[in-house]
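Dropping the structures in below, format is structure tokens.
Two complexes follow with subunit A in common, the first pairing it with subunit B and the second with subunit C.
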Partner chain A sequence: MEVLGNLFNIALLVATIRTTTPILLVALGGSFTTKAGIFNIGLEGQMLIAAFFAVVGSIYTGSSLGGLLIGVSAALLFALIYAVLVVSFRANEVVVGLALNILAGGMTISLLKAIFGTRGSVVGRGIVGLPKVQIPGARDVMGSSAQLISGFTPLVYVAFLAVPLLILVYNRTQLGLYIRVVGEKPEAAEALGISIARIRYGASMLCGLFAGLAGAHMSLGYITMFTENMSSGRGFMAVAILIFSAGDPLKVLAGCLLFGFADAFSLRLQSFGFPSYLVLAVPYSVALVALFALSWRGRPKRLRETAETIRRALSVHPADAGRDAPASRS
Partner chain B sequence: MRTLLATGWARTLAGQLFAIAIALALGSVIILLIDESPVRVFVTLMRGAFGDSEKIAGTLLQTTPILICGIAACIGLRGGMFNVGIEGQLFLGGFAAAWVGFAFSLPPVLHVLAAMALAVVAGAAWVAIPAFFRVRFGTNEVVSTILANYIATLLTSYFTIFLFKRPGGWSETPPILESAYLPELFSFSRLNLGLLIGLALAIVTAAFFRWTSAGYAVTMVGSAPKFAEYGGIDVRRVGFGVLLVSGAVGGLAGGVETLGVHHRFMEGFAPGFGFDGLIAALLANGSPVGTIFTALFFGALRAGSLLLEVDTTASREIITVIQALIILAVSADLIMRRRGDRTGERRWKF
Partner chain C sequence: MDLAVDLSGITKRFGAFTANSGIDLAVRRGEIHAIIGENGAGKTTLMNILFGLLQPDEGTIAIGGKTMIVDSPAVAIGQGLGMVHQHFKLVPSLTVADNIFLGMEIRRNGLIDRAAQEERTRSLSEKFRLRVDPRERVAGLSVGMEQRIEILKVLARNARTIILDEPTAVLTPQESRDLFRTLRSFVDDGMTVIFISHHLEEVMAVSDTVTVLRDGRVVATKPKSALSKRELVRLMVGRDVSFDRRPRGQTNGKVALEVEDLWVRDDRQLAALKSVSLSVRAGEIVGIAGVAGNGQTELAEVLSGLRPASHGRARLHGQDILDLPPAAIRAGGLAHVPGDRMVRGVDRTASLSANMLIGRHRRAPFARAGVIDWSAVHGEMWTLIRRFDIRARGPEDPARSLSGGNIQKVVLAREFTAGGDVLLIDQPTRGVDIGAQEGIHDEIMRQRAEGRAILLISTQLDELKALADRILIMFDGRIMGAVDGAAMDEDAIGLMMAGVDPADMTEA
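The block that comes next holds the complex of A and B.
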């Protein structure tokens, strides 16, 4: 009995890791744009178009890597359009993002009919899924809990390893610093001679890369098929996470694990006979409640922090004025 | 959209027509890519939309919900609120109206009024929580209303299939009583009073923004919130009211669809009308009267697309592609492009 309970827990954890992966990838992508000061509601569309073209690419090249590359390219193209309109044309980011989401939805359905002659979904037809990585020796050392670290698709490892990588990028690299400066203090970036446009283009493309990986994982990962609107709001959940995490990789991870768990848990509830419609609404409700709860908590804190910053600036400024003035001239 | 209210309507019109032309050109390229002739697609669309009087009535039938949803979006946009949740409000309004329609028996006119009233209340109630958090804590209403859409769709499906399913039916409620039907305008079409409701609503909304001080206050809050606040307007209260009314109109759209067209609620009863309405409002630059024309345009595309599936190899979703391209072209604001400040401050920055 104890073993059974244990297995049940591990199975749920494994399912959580699987369901967390696509949303983690897309949210980490969005982290770049969030940090660079762009509110990117277009994640959903980038994911969807990548999922579709990953399937197409996988069929045409006969390899999952080919599918991955073509899927990511499609997402990058969408990211480029987004950047051109938002950064160069200064279009409203919400309007552009929503329009690109609608475009992705319409285009995938139209192309589904044009290429495969079907509506709804495409299954089989030589779609090659991503391979599973078996870590050698994992089963010998960890026994049945080896499935917690072994046997996932490569993108699962990429997603979780990207979290520390992003922390390094933001804290230790020039690119990360520039992205943060552009997002937090565009005037300062301007004064330092950083090209705001170039950084925002870069952030947007990095975002497209990760959203593309997320999309490819959706259609070539644990299920190898494409379905109309298969991203089903994950991109929007990622945006919700980005709002209350402000794009910090660790907080993004925490938020994504929460949604991954809600997703995995709701799938489990379904097998216990709960009405599927209510169960399917669980992840969205969790996202909504988290968004409301954290904005309710976050608001006074942000006000406090702002007041603190102003006070500090006012008290420090006169003392430092003499020292700072020559330095800034050099 | 930055130019909302800032330029004359003639320049706006020229800009939007130019954007539509670009979008149609890009759409043609995509149609060529899927191996179909753009000319044939556009001709088929036109025939499907305006071929004969029945087809024109069909176009107007599709226009109705898009127009009402468009007005809902206009109200939000004018007040600086992005109500992307119209789709969800439409679903809940549609279900609420159907419920009054089949669960109660009332005298004819009263029945319609009661059903509409509950649809309006349902729409407003559904947006009330996101609206409260938006004005009180600054919670981004775009994301919260989008997420609420998914919940609304699933919730109404649950109501329909688990609680009120018509015996022997397939994911639909029992039909509403005839006393709750919206009167039809012609014998040959399901076109109904809903269209006139939509038109009246557009004109009332336009008059509200043009001639009342409350309308002016809303516009002010939307375009210059700081200025409005210095002017003594309670920005939060206006913002909350704007979203609530926008949601109420979204609910009304659902009620009109249920009572006028389907006479029951069914799963996926009005796919995408909420988003079409939002796009129509954006293309009309937030003008209610302009939305009448853009809604007609999108209604024609939708009606025409039904024939598209029959007469060409293209999928009817090609019109969704064209709509999205139009909005992208409009957003780029190619004619009226102004140089903003170089750090790129935007009006709808949350």
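The block that comes next holds the complex of A and C.
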């Protein structure tokens, strides 16, 4: 019991909120592209490039806000390149996304060497981290549980407040409605004179904005450093969450909380002496199992088609496989 | 004369092909004006020009007496024109009101004002007597209801002239009649309706004036009262075509295909067939009537081995076929003309020869020692091109270079010569011109005369009336009833297609 008490306490919840933030930000960004009918696998790269340039910008301008802006601009540039290739030139979205991810990985490593002359990571050197927001009076009212709402960096609040904001956007604003229409029934958008390309560009840039915030949060939030490949698959986990949530903000939040919790939990386990390489796999396995368990229905058309194409490419005899199953008859 | 729309000398070329050639069309205010013609006659091109989706190479457009350049749909809509497309463009996850106001949302403080949109929808719905529930989601509504929403969408944009492109293709006879009543009430209110169709009956039923297009030209514009159905066909096709019931001999062949208490699930795992039983004898055509989506596709798929059954039996010449793969069912004597020729009928990028070869690529004389003998394949394809009157330059043309009707003939040619004595034919003339339809019907009757057992699925009652010996009516996965093809009662069939049990009909 004592062990469990040590494992589950307020500190774990606080840690969950922190670890959820970057993946929540990037997944909410991906929600825009998913709703607009783009299967955006380039989230990882946008996040990574933002993390790197946030560090560079923070050193260069000497302020965390400067770092944030420069990091987000880098992600926006990547999002723009993605949109130009995918929307305007109709390149395959998976190929372009993967290419940009690889580019981001390689580029940050080379620039790390070129700018800082180091390999692996850059720490100190005048990086200014994001300030912590203390909500006045929180400690007086809530006592020790005040750390649940107070003392986070601003992007944590941005991430969680973005969830209701996105719900409002999708349900009550013209832009949100058009994004949904473009993803769900492009013919309808076209017939009404809504420019599909413009909406998809918009969705892609909004995605870049959020992915940029996620990246900046990683390198300027709780730890102020950049390490190679520091996004460590969060962009891909976000894609997985987007597939099962179909971009719905509440479901995205649920998926991200699950991942964040598993992440925080694994950090906790580590301090209890479990082998770290097993522990590090925990959040990914939990998320994978959860995704697997959830249904595949209700995804926007483009997403479904992409998944179907991938499946067809992977399976050799789909028809025969179905026929062998005796369970199909009752 | 008060003209709602006046097109004169409209010519539109696509490369060497002239889609519209010097077309004059004058639509009087307050009439229902039908534009009729075969596929490729230029109807849709003409309407797209009027609606600003295409620009004419020559000619002028006047709307409401003003000559103008219509270079976008926005201009046309601004002049009080509205178009109800053949394929509905509704967003399933949105509500009826959201769909109607999509693109012209009512907003307050930057947010969409749902209450106001619903209120406006309600008042439009009352004013035009088109009943809808503004808050309902579109997903799951019937096709007739979707069309009603499309019409309201046009009305919400203050249209006074409404263009409908093939509006009844997806409706039951009753829904069509409701639509015609609605259109008539529009005209009584002083609005104008332009109605594109290749369906003769409904043109005769609803229109005031008829313009017939053929090969991109106007061949006639006449008041309906001055036209007969036979004359309309002659104008459309350019020769006499008969759609009367085909004469036929008696049949008392053996039962070739037998289905008993068959249950099947669709892709959503819902019951698509509910206890379907039927049998087809050699030398007999059994028709399946029904509005598309009532289980006909699933019936064809399960009989051809493309979909598993959940319960029941199906026997081909006494042999159980439900557990067999498609190839084995074909080997057992069943040929299948699929309902969607582009999906399951042909590979449109492959040549005609390759499309004909599919399924017999291991057989002599097409394959020798496992190697395909292309000269034999092309030779056979030439024979089929001549026999089935397929309009193609040769066997090596890709399927996609042919018109819909000719692609359908390629599929029929393959299936009718595959050696099967049971033919499962799904929608043989969907999207096929009247002239070509006649040829396809001739071929089906020839197959009947040769003693084949034919199960003919069609959504067109005319077709079943001309061909079938017996007609079974499907609704919601069940066979509602059967009627004799020779003495068919269209009203009774229509009611059964809408789900009314024939047992309850006598009182009606």
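Note that the second predicted complex is superposed on the first by the 286 of 330 C-alpha atoms of A that agree within 3 Å, B and C clash if a C-alpha of one lies under 4 Å from a C-alpha of the other, contacts with A are read in each partner's own complex, and residues count from 1 in each chain.
Note that in this section a contact is a pair of C-beta atoms (placed from the backbone, for glycine too) under 8 Å apart; a residue touches a chain by one contact, two chains touch by 3 or more.
Please read all numbers here as calculations on a predicted model, not as lab measurements.
Participant: For A:39, select first, second, both or neither according to whether it touches subunit B, subunit C, the two together, or no partner.
Facilitator: So A:39 only meets subunit B here.
Participant: So, A:83: does it touch subunit B (first), subunit C (second), both, or neither?
Facilitator: Neither partner.
Participant: With the two complexes superposed on chain A, say which partner A:285 touches: subunit B (first), subunit C (second), both, or neither.
Facilitator: Touch status of A:285: first partner only.
Participant: If we overlay the two complexes on their shared chain A, which of subunit B and subunit C does A:100 touch? Say first, second, both or neither.
Facilitator: first
Participant: More residues of subunit A are touched by which partner: subunit B or subunit C?
Facilitator: Of subunit B and subunit C, the partner in contact with more residues of subunit A is B.
Participant: In the overlaid three-chain picture, which partner chain does A:194 touch, first (subunit B) or second (subunit C), both, or neither?
Facilitator: A:194 contacts subunit C only, not subunit B.
Participant: Output check: A:15 vs subunit B and subunit C. Expected answer is one of first, second, both, neither. What do you get?
Facilitator: A:15 contacts neither subunit B nor subunit C.
Participant: With both complexes superposed on chain A, which partner does A:209 reach: first (subunit B), second (subunit C), both or neither?
Facilitator: In the superposition, A:209 contacts neither subunit B nor subunit C.
Participant: Based on the A-chain superposition described above, do subunit B and subunit C contact any of the same residues on subunit A, and if so which?
Facilitator: Residues 187, 190 of subunit A touch both subunit B and subunit C.
Participant: What residues of subunit C sit close enough to touch subunit A in their complex?
Facilitator: Listed in rising order, the residues are 72-74, 85, 87, 89-94, 98, 102-103, 105, 107, 110-112, 114, 308-311, 325.
Participant: Residue numbers of subunit B touching subunit A in their complex, please.
Facilitator: 1-2, 30, 34-36, 82, 84, 129, 133, 137-140, 142-144, 146-148, 150-151, 154-155, 157-158, 161-162, 275, 278-279, 282, 313-315, 317-321, 323-325, 327-328, 331-333, 337, 340, 342-344, 346-350
Participant: How about subunit A: which of its residues touch subunit B in the complex?
Facilitator: My answer: residues 39, 41, 81, 85, 87, 89-96, 98-100, 102-103, 105-107, 109-114, 119, 186-187, 190, 196, 232-233, 236-237, 239-240, 243, 275, 277-278, 280-281, 284-285, 287-288, 291-292, 295-296, 298-299.
Participant: If we count contacts the way the header does, which residues on subunit A are in touch with subunit C in the complex?
Facilitator: Residues of subunit A touching subunit C: 168, 172-174, 177, 180-181, 184-185, 187-188, 190-194, 319, 322-323, 328-330.
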